[in-house]
Amino acid sequence: MAESTNMRLRLPLLCIILEVILIILFGALVEYNDDTHAKMWNANKSHSATRDDYENEFYYRYPSFQDVHVMIFVGFGFLMTFLQRYGFSSVGFNFLIAAFSLQWATLMQGFVHGMHHGKIHVGVTSMINADFCTGSVLISFGAVLGKTSPVQLLVMAIFEVTLFAVNEFILLSMLGANDAGGSMTIHTFGAYFGLMVTRVLYRPNLDKSKHRNSSVYHSDLFAMIGTIYLWMFWPSFNSAITNYGDPQHRTALNTYYSLAACTLATFAFSALVNPEGKLDMVHIQNAALAGGVAVGTAGEMMLTPFGSMIVGFLAGTISVLGYKYLTPVLESKLKIQDTCGIHNLHGMPGVLGAVVGAVTSALASPGVYGHGLQRVFADAETGKWNPQSRGGFQAISLAVTLGMALFGGLVTGFILKLPIYGAPPDTHCFEDGLYWELTPASAKGSKVQEIH
Amino acid sequence: MAESTNMRLRLPLLCIILEVILIILFGALVEYNDDTHAKMWNANKSHSATRDDYENEFYYRYPSFQDVHVMIFVGFGFLMTFLQRYGFSSVGFNFLIAAFSLQWATLMQGFVHGMHHGKIHVGVTSMINADFCTGSVLISFGAVLGKTSPVQLLVMAIFEVTLFAVNEFILLSMLGANDAGGSMTIHTFGAYFGLMVTRVLYRPNLDKSKHRNSSVYHSDLFAMIGTIYLWMFWPSFNSAITNYGDPQHRTALNTYYSLAACTLATFAFSALVNPEGKLDMVHIQNAALAGGVAVGTAGEMMLTPFGSMIVGFLAGTISVLGYKYLTPVLESKLKIQDTCGIHNLHGMPGVLGAVVGAVTSALASPGVYGHGLQRVFADAETGKWNPQSRGGFQAISLAVTLGMALFGGLVTGFILKLPIYGAPPDTHCFEDGLYWELTPASAKGSKVQEIH
Amino acid sequence: MAESTNMRLRLPLLCIILEVILIILFGALVEYNDDTHAKMWNANKSHSATRDDYENEFYYRYPSFQDVHVMIFVGFGFLMTFLQRYGFSSVGFNFLIAAFSLQWATLMQGFVHGMHHGKIHVGVTSMINADFCTGSVLISFGAVLGKTSPVQLLVMAIFEVTLFAVNEFILLSMLGANDAGGSMTIHTFGAYFGLMVTRVLYRPNLDKSKHRNSSVYHSDLFAMIGTIYLWMFWPSFNSAITNYGDPQHRTALNTYYSLAACTLATFAFSALVNPEGKLDMVHIQNAALAGGVAVGTAGEMMLTPFGSMIVGFLAGTISVLGYKYLTPVLESKLKIQDTCGIHNLHGMPGVLGAVVGAVTSALASPGVYGHGLQRVFADAETGKWNPQSRGGFQAISLAVTLGMALFGGLVTGFILKLPIYGAPPDTHCFEDGLYWELTPASAKGSKVQEIH
């Protein structure tokens, strides 16, 4: 008999213990940074309103934060509602693990990126960074969607957030890599971590739930809400933590063009690979976003709109082809069951983005960037600027990320295999009824869908 | 025979009369403020573009305004679409009464908060305040959802907006209370006002519409759109009208952490109170938001992330427990039929927020806030700063709010009881078909749902 | 036999050719502007962080851009999902033609509005302008919705964007017109262009698809997502490219009040024109937005909240009456099959907005505007300020726009009539199955709807 999927004790216990630990650690370690602290911010002021208040980082980062926040909770959440009977879990578990991850990420990123006199300083920038790390977890969620209990997902988040912070530290602080939009740290890491987890959790008899592993008409429209929000706000995502001024402006612009070109490629190849020339919602929902992933590293550089559009077009193309030809092979040959096809949306485009970033770095020159060079490449300030070695470090960063992701996913996968988390049986994957109390009308809806 | 529900004359007449009155009063009383007036803003400038233009309050308030605006129209509107046959009314009547209330609130708040030479000055701050007042009406709408005609709702809004403005004036101007995010002025007021109205409108035979007073699968997903938007933008809501600089930044940060902790508590207790450990969509849709309500007063203070998370966790807990154990008792014993459970989302968390605000005020000190003290507590500027009395005034503010809300709701409830508004009969509550022209396909959908 | 609707070669070929042309032209002609270029922005700076970075136009335009972007992709996209079996196409083709149009518009607007040493300069302002132009194409899309293949829509976009740029140039640069929110350039142009196209494409036997040309319950709720987002962000739309400071602030405020008044008028007249006093979703979804259209020209002027509310109220009224009484006549007498009723939402309110703009211009005076006059009316700087002639030029601008739109729509309509684009047969209009691969469950849903 399958293990019980009853969450009555497991889920509350885990949530409460985690939150209590978080609260204790926040109490011991977390402080307002200078821009959010009443005393620090006003340390040298005696009057109540000053021009300086307009220069609080809040006003220059918070709109970007909110756009990123929408991507994390609405974008990822609704993107995964395409399954006919898994909408509650998609948007609900996305909500749960994101709410946990952003707290845990604040601590982990604070630990490794340097504490101030033993304290982690928080403000709008830490909020963005925590949301970024959360995004990585949600990417991995896409691979195991429908086949994992909420307890498994929280456990996965604990490990993934931790490793994310370590990998991010190695890349940004040790290797001095550029990766403002996270082609490597977020997308490549999240994708290969998730793919390895789902490989370890391989279910040979997943066919028993096959009839639920597809969409109905309105579930595809809900998913389009997620798609469109991700698409629209991706320029904010890639530019959210770049330097102020031209780098932030340029990143948003490059991402905008990359996505537009990607969308045309997606529609083109979606129709082309179908015998009747019909478009596939799966492609439109996912591949059209690959252009955002693929300029996540180079977006802040002088990639030019021209370069951005080429990258976006390529990303959309490989993503559609991946959905059509690679995903079935990954499942049949490599036993990788990738529910949302994250390999096509985040994996390959993430690697592409890393490569584009390395090449663009290697081609950077003071002639093109002028005084702006050090605004993009921090080590250009040292005077010992060498674009080729910069490009090399970018390439090494990709290799490190792949290694960390695959290793982390492997270990985490085996931890998640323990039969203590209430994972769904093969016959009840992709089914909300397992973890959600359905009203009679909702449950009927369920059966109607199955019968038809 | 039941009173006719035909809106053909009643609704147009009321809408047109109200709008004509609004237009006349706006023509007589409303003026652009200095930041929106072509002459005033440019009074001392002779050239066309100056640095000062970047310091127009528009750039520092408008992004917050838009987030609040989304909460009012999408957040509240879709949150209430969970009912299977009341989606049009939920989002449609929400739209109507919000569009009316924000105009009426501009006038009422302008009257009581002080006119300038007989004129009400408007700009982005008045827009935010009007939206806030509207939020209060929409909270009350949640209690009477499905049981009131649009004419009743407009009449309720007329009275509630007026009393809201008076109560807000007493709290902020007379008692000098802090309540930037409206734990008291918006949530406590709106909740207890609405609960009293629904008490007066008690329907002993509401059982006759019971089969429609629940969700279907996709209506719960629509409601999650509302939930997630409210959740994401609550940091903007609580910080929208704080002082510039660190207070605004800190409020957003505190709210972010409170909501994250609240979400984990909500999932934990939702599973715990269910015999099979299954999650309840009603809890996730509502209780996860209680953390935003509960830091509505203290959010701008030095509550710390640690404190915010504790408050959020408590708020989520009492909210879920309220839905599970208190709501049925309120209905059976106190005859309070609270369709959306606003007592659990806005009532109790609002009171909690007021108490937390009073305690945090009472603990404030120059040692912690430095020069920032007077940025949070306006009366600290006078030099006669006394945190204990400040805390006391906060507590008095809560009492005043409860009194005003219950009294106002009582009077308004009796006015709404008059049999002239086309209220739905007991057999046709929670039914769009009463007030909306349905296409044949939509109407069929209706019957299908009922038969199943 | 009807022409084949197979898109397998046509759509990919067109998309790829267009994108390749775009990429080549961008490579040859497009450059970062001074605010996005690493070298230009930092030309006179030697240090890494300066106060100037806070004054990059990004921080003052980008939040408006994102709001406009949401309107284009979510607003227009979901507004058109009201049809029961055309949701994929509505949001999907909207996505496709918008992604194409914004790239093409960048080039066309760049060409006609003046190049810099043979280069088109891009930044956040060009992004907003490109989105604006795209909006115009999406308005026209509303008229032909359900009756055109994606290939036809792309071809329409090629011509419409080009003519839009020419018309915009004539109005703004040659006639010196004010039209920040695009009552003329966007709404009037897009509406009459689209109406002429649909007139030329008249289908006498469209009745054969009549049963699909209506909504189901949940499709109307999806459409409300579009409506509400358009409504909320319209203040950002109208103010996105005004001058900084008071004009931008005032435009947002005026639009806010116009829309609120419009909403009450819409509910009033929707109930009034129905024999049973029932509200019609078509009116609420569309007419409530007419207030935003109608202050698109005068919004930046000293229209006052009072004036804005009157305009909004009128716009809502004529829009509802148009849906009820004019649309059927347009179809039966003039053979204009206007799927979304764009004549009522964009056509008549656009013309109203142009007239209001002309009158408000003619009434402008230094007494009211002070030094702010030249911030609104660029030619007031010359000293030869003459409000009457300004009003006259505004009126001429409307006439030019109508002429350009009708002529352009006529030509484009005939081009779209060629039997090479895979247009749907009369029996399969408003049907996603023609262009989209449907899952079995989705396809079943389709039949169920048709049978009922």
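Each chain gets a letter, A, B and C, in the order it is written, and its residues are counted from 1.
What we mean here is this: a residue touches a chain if its C-beta (ideal position, glycine included) is under 8 Å from a C-beta of that chain, and two chains touch if they have at least 3 such contacts.
These are the chains along with the protein names UniProt gives them: A, B, C = Ammonium transporter Rh type B.
Fair warning: this is a prediction, and the values are worked out from it, not measured in the lab.
Interchain contacts join each chain to each other chain, per the touch definition above.
Where chain B touches chain C, the two copies mostly use different residue numbers: shared numbers make up under half of all numbers in play.
Chain centres here are Cα means. That of chain B falls 32 Å from that of chain C. Looking at chain C, residues 59, 63, 218, 225 sit in touch with two or more other chains.
Within the complex formed with chain B, the residues of chain C that make contact are 55, 59-60, 63, 67, 84, 214-218, 220-221, 224-225, 228-229, 231-233, 236, 243-250, 252-253, 256-257, 259-261, 263-265, 267-269, 271-272, 274-281, 284, 288, 302, 304-306, 309-310, 313, 368-376, 381, 449, 452. Interface residues of chain B facing chain C in the complex, by the touch rule stated above, are 6-12, 15-16, 18-19, 22-23, 26-27, 30-32, 35-43, 45-46, 48-49, 51-54, 56-59, 62-63, 66, 69-70, 73-74, 77-78, 81, 87-88, 91-92, 95-96, 99-100, 102-103, 122-124, 127, 150, 218, 222, 225, 435-442, 444-446.
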